[in-house]
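In what follows, chain A forms one complex with chain B and a second complex with chain C.
And then the complex of A and B:
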């Protein structure tokens, strides 16, 4: 049962392996070009212009001037520092918490669903909700955190009145929110480790801790790498939680680079400078991705 | 409601205009501005202009949230909105970005002068007033009476009054004064109130004229309230609606707030119903009493597909009849001087009699297309000072250097 053969459409009915691959990939390539490549190129282009909607003037080409302004902009450095701090604290924090949660979920409980559900809930909760909810937890008068402190005889803390405590509250929230994502990826990794390895180790007399270091951790390395790449990039882009918890306060001391980009573009309507800041964040994310990929390749 | 009779509508020039075509208009009204009361006004408009329907879109319960939403929509040149409500500080920015259409044939002299000024940019009318507003001193009439304390006219008197009452009441949940210290728009006014009271201007002819001693005095005043127990130590967390709630719950003797707090403080859910006094905000020692001008404006979107109909709607919404209706039914302050003397308005809100003078003498925040930046500098700096992150002197130096770059 073959269709009448028409040589003009031969490439369509029998494209060959290479041709088929191109045809199947074309829609995706087009989509990625439209929603990723074009906007990124456009971002680089806009970053070279003095383009402020409040000036009432048309965009003016200024070369790298926006990047030069950044060097003298203390807010840029503060927000960059805060972003890196949040990344350095919350990525390892979420990895440790996530690993503990994954190991727990992988234990042979009779009922898996309560553990797995509690893994899923923080992950499924929108970031902004998490921020708003935790802002109430940490509220100095009505918050549950201070209530607990009082019950145990400690002095309550005015969390959002000091840069250090505000940053602590933000990092705790980010770790709570993101460790379940880590746990989900790590749980998937754990389930690929054959049980027979542990049985063999039992026979050889290796203890649980030894099994964790010698079997679980090495075999989990690819899953950890994937989880770290995703988590680090989203950590560099941290926006929702500090935005909803502190709005950058007190006095801008907890604002992140993503919040500063948002402020410059959406509030100040300075598209040129905002784009230049976004270029920096893009390059930072690329750098991290490349470093991780090289690390995986070097090990693998 | 006699004021919104169809006859009155028909008498209005804007609606008699024959050019109106059939149109479905969409109007943005923020959720805290009583969209349900405006709906009644829009129903009358629809009745008087057959073929034109108006749908309300609500969103964002803070000025910043609304500005961000509208900024996104307008920079995408989205035609879905025809008319939008704008905080009094925004029309200049919207006009500079080309987002609002100029409105012609309006007698701006009919409005309170401050609103005529806020809505006119480079000689063009870029928006029309929806309602007026200003900051007031709210106080507990029962507590002041009980302890024989007069309504303070200076901030130092307020401090003493609060001290007397707090000491006598001995109630831990009661605070002397609630004001805004969170990095939000209201905190800009917090900074400006004592600064203006000392007779200083922040911006003159588009140039920065920051008087450092007055600015430091302002920051020191607010900081001292947080330190000496007049206010709560967590004042850097307090937003406008927190102040409203604290006062309404009976947890504050004095509060700095906009007029919207009145209706809720006097509602049945309020713990202080019947015990609410409203007065002019106190002055600095040796200064004048000053208030911060608020209010909201109607703008016609430059991307509206029905500009003629949208303009007619805005002219209607910004008419004395509607102002009177909103004063009676929504307790919104009118932008028309004569409406403050209307018997029906005074029956519904007797304190409007004194409010006119406050609105008339209230000072406007700087009118500049880059207001968003001015606001951000002031509110984050005061917030940092209140949280003890920087000293008043450091804060004022930061404002000077950062605003000098914004206002060249």
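And then the complex of A and C:
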């Protein structure tokens, strides 16, 4: 079994061997094709059909009619508006809160594990749990939020009776839940900034605030960009927290586009319209990804 | 450097203690409050002003949580679905990561970009076509309906983590094994995977937590009481007008504890994995 005579040694001398590469990558390609690529093509295809499982009729090609229906559908506009509102509020909210948490967690603590756990536990908590927990937090009579408001002499708020307060509670919950992930990513970014930069700035007499704006933020930009892309895409898909906190109420005023897609698919079994809505969601998140990537590239 | 720049005024140990307290309260108070709620009686719960610490702590809510709903089944389903999808995703991503890290692939950049693209993919858009497919294949209300999508959900993260671990393992060890008559696949599983065990483990934990947390597909595909996972099952305690909060809280604690233990034990690896993979939030 000396090396040069072993035919298996050919793998080594020819590391770019196509057969092995195809074999190793095939399972990944198969799974992604089956669960992502084929369904997406199917989604675009179905969106052009009147395809309702309740009617018992075979799918009928209707062109872009589903998208036309959408334009006159007030629920579509409400859910789209709520989705964009949640995105516009919670993405910057989570970024600011996550950045503050990362800066705090980056301090030279003697023990790092308590701080690390305080970021990891919220990250690992299922969104559907967070929705329930915060629904209880914001309970109008027995909730801890109103208890604290009362203790500080404020009027308690009846959170889930009005669209505005319900949306506020949802956004606060989303920000709380997602800022820990943001903080973990930004903390890793902070730890790559060389201390010598701050030491040099100290020597030059630059204040802490100026150091933050001129050293920390610019060097953190790649980490912020990555965190923002993922956070924005998941914000557009917001489902779990409004579903478990308000179920879209009161009166459908806090329902999101993802909830409307789910309702059309699973409850109404209207796959054609559900697909058309999902196509809008798909294009929206493609747009966000492309915009962010452009921004990153433009700024180098 | 003494402190984070935003705290130029205060410094030293007192500041660090205050900051640690803020972070701990922010991160752990919700779980702590649910724990306290789960120990309260109904009578204490509806007292105003509300009590913070339970006056007469009781474990009866935990017994009710298991008797009102098949909570043990929710746990079992969640655990099996998460475990099986983790095994599947690890197997597939170990093979792919090895090819990416070790073979001089001509389309390496394209393959990596495609993997990152999959990770930015909105899961909601898969709901409709997957629902249609699972329904057509009679896979609704089976573990398989969730295992396959969950495996794909974690594929990008796991592959990226494993690529970065495999790249740190010296090629000489593999070469030596192959000279001793091991096949390349044999060397992968006997030499590379054991050496990259921390990476495989890290990827596995992330995949497990992703699957454990997923709600939308579990809600849509597995609605029969016998097949609900925890996040779905836990929504079932509330009636149309009744919210038994102490019982819901007890069920939540039962659902939080397994993953919390995992996180406490493997916290450093989880952080390393999250920051390598650049994953979903």
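Everything that follows uses one rule, which is that the second predicted complex is superposed on the first by the 270 of 300 C-alpha atoms of A that agree within 3 Å, B and C clash if a C-alpha of one lies under 4 Å from a C-alpha of the other, contacts with A are read in each partner's own complex, and residues count from 1 in each chain.
Simple rule for what comes next: a residue touches a chain if its C-beta (ideal position, glycine included) is under 8 Å from a C-beta of that chain, and two chains touch if they have at least 3 such contacts.
No experiment lies behind these values; they were computed from the predicted model shown.
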{"item": "Joint occupancy of chain A by chain B and chain C, clash or fit", "value": "clash"}
{"item": "Touched partner set for A:253, first chain B, second chain C, both or neither", "value": "first"}
{"item": "Chain B versus chain C as contact partner of A:141, first or second or both or neither", "value": "both"}
{"item": "Touched partner set for A:289, first chain B, second chain C, both or neither", "value": "second"}
{"item": "First, second, both or neither for A:178, with chain B first and chain C second", "value": "second"}
{"item": "Touching partner for A:261 - first (chain B), second (chain C), both, neither", "value": "second"}
{"item": "First (chain B), second (chain C), both or neither touched by A:54", "value": "first"}
{"item": "Which of chain B and chain C A:162 touches, first, second, both or neither", "value": "first"}
{"item": "Chain B or chain C, by number of chain A residues touched", "value": "C"}
{"item": "Partner chain in contact with A:204 - chain B first, chain C second, else both or neither", "value": "neither"}
{"item": "Candidates 44-52, 116-124, 134-142 or 188-196 of chain C: the single one with C-alpha clashes against chain B", "value": "134-142"}
{"item": "Where chain A meets both chain C and chain B, residue numbers", "value": "53, 139, 141, 266"}
{"item": "In the complex, chain B residues that touch chain A", "value": "64, 67-68, 71-72, 75, 93, 96-98, 182-184, 232-234, 236-237, 369-370, 372-373, 376, 380-381, 383-390"}
{"item": "Contact footprint of chain B on chain A as seen in their complex", "value": "53-56, 139-141, 158, 160-163, 247-253, 263, 266-269"}
{"item": "Chain A residues within the chain C interface of the complex", "value": "1, 3, 6, 8-9, 11-12, 15-17, 20-21, 23-25, 27-28, 31-32, 34-36, 38-40, 42-43, 46, 53, 94, 100-101, 103-109, 113-130, 132-134, 136-137, 139, 141-142, 144, 147, 150, 176, 178, 180-182, 184-185, 188, 195, 198-199, 202, 207-209, 211-212, 216, 226-227, 229-231, 233-234, 236-237, 239-240, 243-244, 258, 261-262, 265-266, 271, 274-275, 278-279, 281-282, 285, 289"}
{"item": "Interface residues, chain C side, partner chain A - complex", "value": "1-8, 15-16, 19-20, 22-24, 26-28, 30-31, 33-34, 37, 45-46, 48-50, 52, 91-93, 95-96, 98-99, 102-106, 111, 114, 118, 120-133, 135, 148-149, 151-152, 155, 159, 175, 178-181, 183-184, 209, 212-216, 219-220, 230-232, 234-235, 245, 248-249, 252, 255-256, 259-260, 262-264, 267-268, 270-271, 274-275, 278-281"}
